[in-house]
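By written order: A, B, C and D. Residues from 1 in each chain.
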Amino acid sequence: MINELMIIIFAPLIAGVIAWALDIKGVREAIGVIGAAVPLAYLVKLYPTVMGGELIQYNVTFAGFTFNFTLAPMGMIFAMIAGVVGLAAVLGIVSTARSSYEWLFALMSLTGVFGIFLSYDLLGFFIFWEIMTFGSFMMVLKYNRKASLKYFVLSVIGAYAMLVAIGIIYAKVGSFSFVEVYRAFSQDAALGMVGGATVFSRSEIALIFGLFLVAFGVKAGTFPLHVWAPDAYTETNQSYTAMFSGVLSKTGVYGFILIYMLMGYRLMAEFGAFRSAPAFGYIIAFLGGLTIIVGGLLAALQEDIRKLFAYSSISQIGYILVGIGVGTALSIEAAIFHAISHALFKGLFFLIVATIVYRTGKTTFADMGGLAEKMPFTFAMAFVAILSLAGIPPLVGFASKWVLFEAVISQNLPILGGMVFFGSAIGFVYLIRFTYAVWFGQRPTDLDDTKDAPLPLAIGMAILALLNVVFGVAPGLVARELNKVIGEEAITGTIWELNLGFGRYNALAILIYLIVGIVIAGIIYFLGAKVRKVPVTDTYQSGNPVTMEYNLTIRRNFFLPLKEALAFWLRISFDKLYRDIGSWVEDLAEVLRNYVYNGNAQSYAWYLAIVLVILAIWGV
Amino acid sequence: MVDWRLFDPLFEYARKRSMWIVSFCTGCGGIEMPPLATSRYDFERFGVMPNPSPRMADLFLITGYVTPKTLKRIIITYEMQPDPKYVLAHGSCPLNGGIYWDGYNAIKHLDKYIPVDVAIAGCMPRPEAVMDGIQKMMELIETGEADGWKRYKENYEWYRKNQDELFGEGWREKTARRWIPWLMDKKKEVKEE
Amino acid sequence: MAEEVKATWPKGEEIVSALLEKAPYAEGSVRRERRLEFKVPADRIVDFLRTAKASGFELLLQITAVDWPNEGEIELVYQLFSISHGTHAMAKTRVPRDDARISSVMDIYPVAETYERDAHEFYKVVFEGNPKLEMPWILEDEDREAGVSHRKDFDMLGYVKKKYKILDRFDEDKENYVI
Amino acid sequence: MMETALKALFILLYATFVGFMFMGIIRIVTARIHRRVGPPIYQPILDTIKLLSKKSNITHGVIYDFGVLYALGATILAIMFIPLGNIGVLRAYGDLILITFLLEIPMLGIMFAAMSSGNPYAGIGAQRALLTMLAIQVPLGFAIVALAEFYGTFSTYEIVMAQQVSGWSIAHLPLLLAAIAYDLVLQAMFGKEPFDIMIAPGEISLGPMVEFGGKHMGILQIQHAIALFAETLFFSNIFLGGAVVTTFASPVLNTIASLAILLVKQIAVLLVATFMGAIFPRFTIDQAAKFYWKWPTIIAALGAILASL
């Protein structure tokens, strides 16, 4: 009987291959959806046992290496995120997929993600990391070669960094499995405390941490390494982006948490703490803070709907990194909580973008507008997503952000607190820009017959929106699971209420009083006189008559003053930096090709002579 | 839906004591507004407040002569105001064209196009006269005679006929589209139209 | 003209003579202190203004159109002003009334664009080279179609009576208004 | 249950009435600065009754109405969390960050309604309101961080209790800096003169408010009244020591005394904002953003750092 873990990991891949092979319109979608639903079903079946504390082990020996897979509570939480958002995204792909090629590689990346969350040794982790990257790269390649090239180059740099780090660890520790690696590092930390000779020297530990930072930083899209994300998220099938940014970026976050789990003590012993946060953690947190601000501000200045949400998902990952960086049990719980809520509302947002792009065929804000009447269901979903991402109390976005704020500020880190607070306003800002340009205002004439979302996409959106609301009103549900994962009662309180000791948040009371408030406002509203519906052109333009030819909505360049205020900072762009490095490397290669490998035998003879002379002098 | 007749005295008092003026100075009397708002006369004592948007304004001051071009804007602004709305006309020009009686571009009889509740004499009445006009308007509201808006609603066809007679049919679209070719710098199209 | 015996203004005489040398086709005289007058044929107005601007007349104050119905001509008065000499000058040209056509001086004095549109709007004088001549401006579309203009042969009062349909009850001698 | 319902109703009525009185005070004080007589103090109530009693209203769609209702609902929600003497309903859950967010959410509702009206002025007004909010978020964030770190707790009620013991917050230097920064931020939250570019009457005819007529504007007047009351109450609770009076025997007297003290503090905060508003001309949006990102941010950051030492 094949072990459940194997089914969870490989079900999507097998379904993908079959779907790709069969390539029959109806059957392909069905197999794809089954491929995404099966792992989720098994995860739900295994949920009580894993959360009960008993780990499910399974070892596979293959080509001389033993891969052991374990379903630990941490892996379970992330796998559940991948399962739910993956299923919703796959439902989206049903209606937006162009060919079976996309089915194969979307489900392949889903397999990679499940493999990462379930593998309990570095080698398996790396292999599935590569499968996931390859799958997502092929998805982007289909749409735009240049964007995929940039994504490929950065992912390869990340992958090599991770490979080198794993190599160093394997050389010193002699085994890949997390258990031995963890024991080796904690022994090392203990030795380091006592002052004995440690297995890893200080520079080696710094090197490993740096390499892991780069590797996971690329995938999570932290500030200096975020340049691939806007292009990769934009140039692919939009409902796949829901999975791409909702789930795949969580692997980067899982990686950072892995650093804590494996090497936390060793790094703490080595580099000490910075005002009650581990020094190495503060680096991650500060990078996360920068990512929030940079991602948010750039998101506000975008003209393309997909780019806006790409930058927005980078900035939301910044929140999670801040949570991880601070390093206390509460802040890591907050980070995972925000990872869950981010996956939910970002997946929902990208499905909404997929619907809009699928129905209108347009992607820039300039030629969209007034879709609220034409696509009421999608607008309702967008309204829930906006409330959740902007952090409006009754929804999950606020609950996770609130826990994160409290965790960061209570650790006496004022600068990080300020950055996180600024981030919440930025989220508010670019969401209103999106809402104004897409849903409200004057509708261009060619969008008049747009229909609402197709059924599979609608189901996908409904699932995520429902979860957004349920986890928002009852954050205790998530908090209790997180306490089990971290093993410490950081967030107490009932199902409706979160209690952190120095701050309490009651979601149910908020919902009740908000409804009471809106009911009171409604009563006052309906006491007033009848209301007359007025067309868009009957609007006050200093008395001038207005017809549909006039452009009544500011869709282009909505935040021009912000762009002018930030003109100085916008000149510094890491994207340009990497492109310059790329072109510089190309020129260097050009020079080499012209002078060194110029193909005539005579210069090769000279090189041979020189090498022999050197060897002779060396006295070999 | 609810029958508010019981509270009518309160509503009339509130409408009387809080008239918001559309800040749209239509003619030469617009310069009389600042003295009213500043410390010597200060109509804010009566709750009168200038307000740029017609959607929340009640009182519409026609300050002086009205040209057809301005009348188009006045009609549009007047129709945007929610219902209990009042018009206060300054000087003799809105009544019979005043000194521009033979001008081709001055409206001779404003009452044909929009209902006027109170008219103040004086070729640009002094602030005292305008304050007196506002007092008179408040009296009319108190006694319920300020029914210009009711007249406009009941015989709207008559008003509409007069307006279309002066401006021609469909003047709103024509005026709106008048500048578009020049705004979009498409001068040639003007010839073909 | 009434002001025969007047103290001529020596400085003005120099300016006029200097200008007339450069523009022989024009005649110029000094009306009084700080008031010069030039008569220029219609086709040479552009060169005249170019030389005027070169010799110190920096500003074009106004282009006024005067309608002479019995002579069948429209007189265009270009009023210039020279800050350096501190004097005002009028350059008058005559254009036939029925198809009043003259070339635009926009390239010399950019401000002329608006004055020419004004003259065109009310006196139907066509200024070749002015792009914005047909642009809607002061007159409403209805007035433009009805051919409103300030030429003397246009019956303004008749148009007003037709437009507002209320003036016919006025007594012509304006003593007693009956509204 | 019944008792909290009564308390909630009392808070709501008290907040609305005092909020209207505050709006009246603002108009009278501004008038007296202009050496004018100024309207009676109950003028905002008359304005609201007139607006609500309009005989015909317009709407631009469902979101246009729902946005306005949401704004008033969110403000009513916010007022319940801020401790009001000893009759706060949700006092135990009055969390600094939660209240700061709740005081910003009505703007979301108003902007949703304004934008769905499709008026270009509303679009520009919403853009400016967003940028103003982006600008004030930095000093506001640092001020809240300073408070939270100084008292080590986020619950407003515990902060009020701590202030009864250790004196007003503004007595300590870090929180004095935070209070100054927060007061500048209040200027923009009230929409008072130097930073009211978002509702500039002359320039963009009241920005987002341009399309609100009749009862929509009436509801927004009520919302503005409660928001004024809520913001001043929040400021006087966290910086000016709130009011916990236990000297009298019967709780009713205690409540009246604490409400009176709070009222005095709230009016003081209001007058500071009104005086500043009556004197300053209006900043353009990038001047406002640059100003807020320079001085108030430096002051608040200094306060936060000092508080965290």
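In this section, a residue touches a chain if its C-beta (ideal position, glycine included) is under 8 Å from a C-beta of that chain, and two chains touch if they have at least 3 such contacts.
All figures in this text were calculated on a predicted structure; none of them were measured in a lab.
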Consider the two chain pairs A-D and B-C; indicate the one with the greater count of contacting C-beta pairs. A-D
Of the chains present, which has its C-alpha mean closest to the combined C-alpha mean? D
Centroid distance [mean C-alpha coordinates] between chain D and chain A, Å: 36
For chain A and chain C, what's the span in angstrom between their mean Cα positions? 73
Per the C-alpha centroid definition, the whole-Å distance linking chain C and chain D comes out as 62
For chain A, write out the residues touching at least two other chains, lowest number first. 527, 529, 538, 540, 542
Where chain C touches two or more other chains at once, by residue number: none
If a residue has to touch 2 or more other chains to count, which residues of chain D qualify? 53-58, 205, 210-211, 214
Using the contact definition from the top, classify how the chains connect: line, ring, star, complete or other. other
Here the pairs of chains that touch are A-B, A-D, B-C, B-D
Complex contacts: residues of chain D adjacent to chain A: 8, 12, 52-61, 63, 65, 68-70, 72-77, 80, 90, 92-93, 95-98, 101-102, 104-105, 108, 111-112, 115-121, 123-124, 126-128, 130-131, 133-134, 137-138, 140-142, 144-146, 148-149, 152-155, 205, 210-211, 214-215, 218-219, 222, 285-286, 289-290, 301, 304-305, 307-308
In the complex formed with chain D, which residues of chain B make contact? 4, 7, 10-11, 13-15, 17-18, 20, 23, 38-39, 42, 44-47, 50-53, 55-56, 58, 81-84
Of all residues in chain B, those that touch chain A in their complex: 1-2, 24, 53-55, 72-74, 76-77, 80, 83, 172-173, 175-177, 180
Touching residues of chain C toward chain B in the complex: what are they? 131-132, 134-136, 140-143, 148, 156-157, 159-160, 163-167, 170, 177, 179
Can you list the residues on chain D that touch chain B in the complex? 27, 31, 34-40, 43, 46-47, 49-51, 53-58, 201-202, 205-206, 209-214, 217
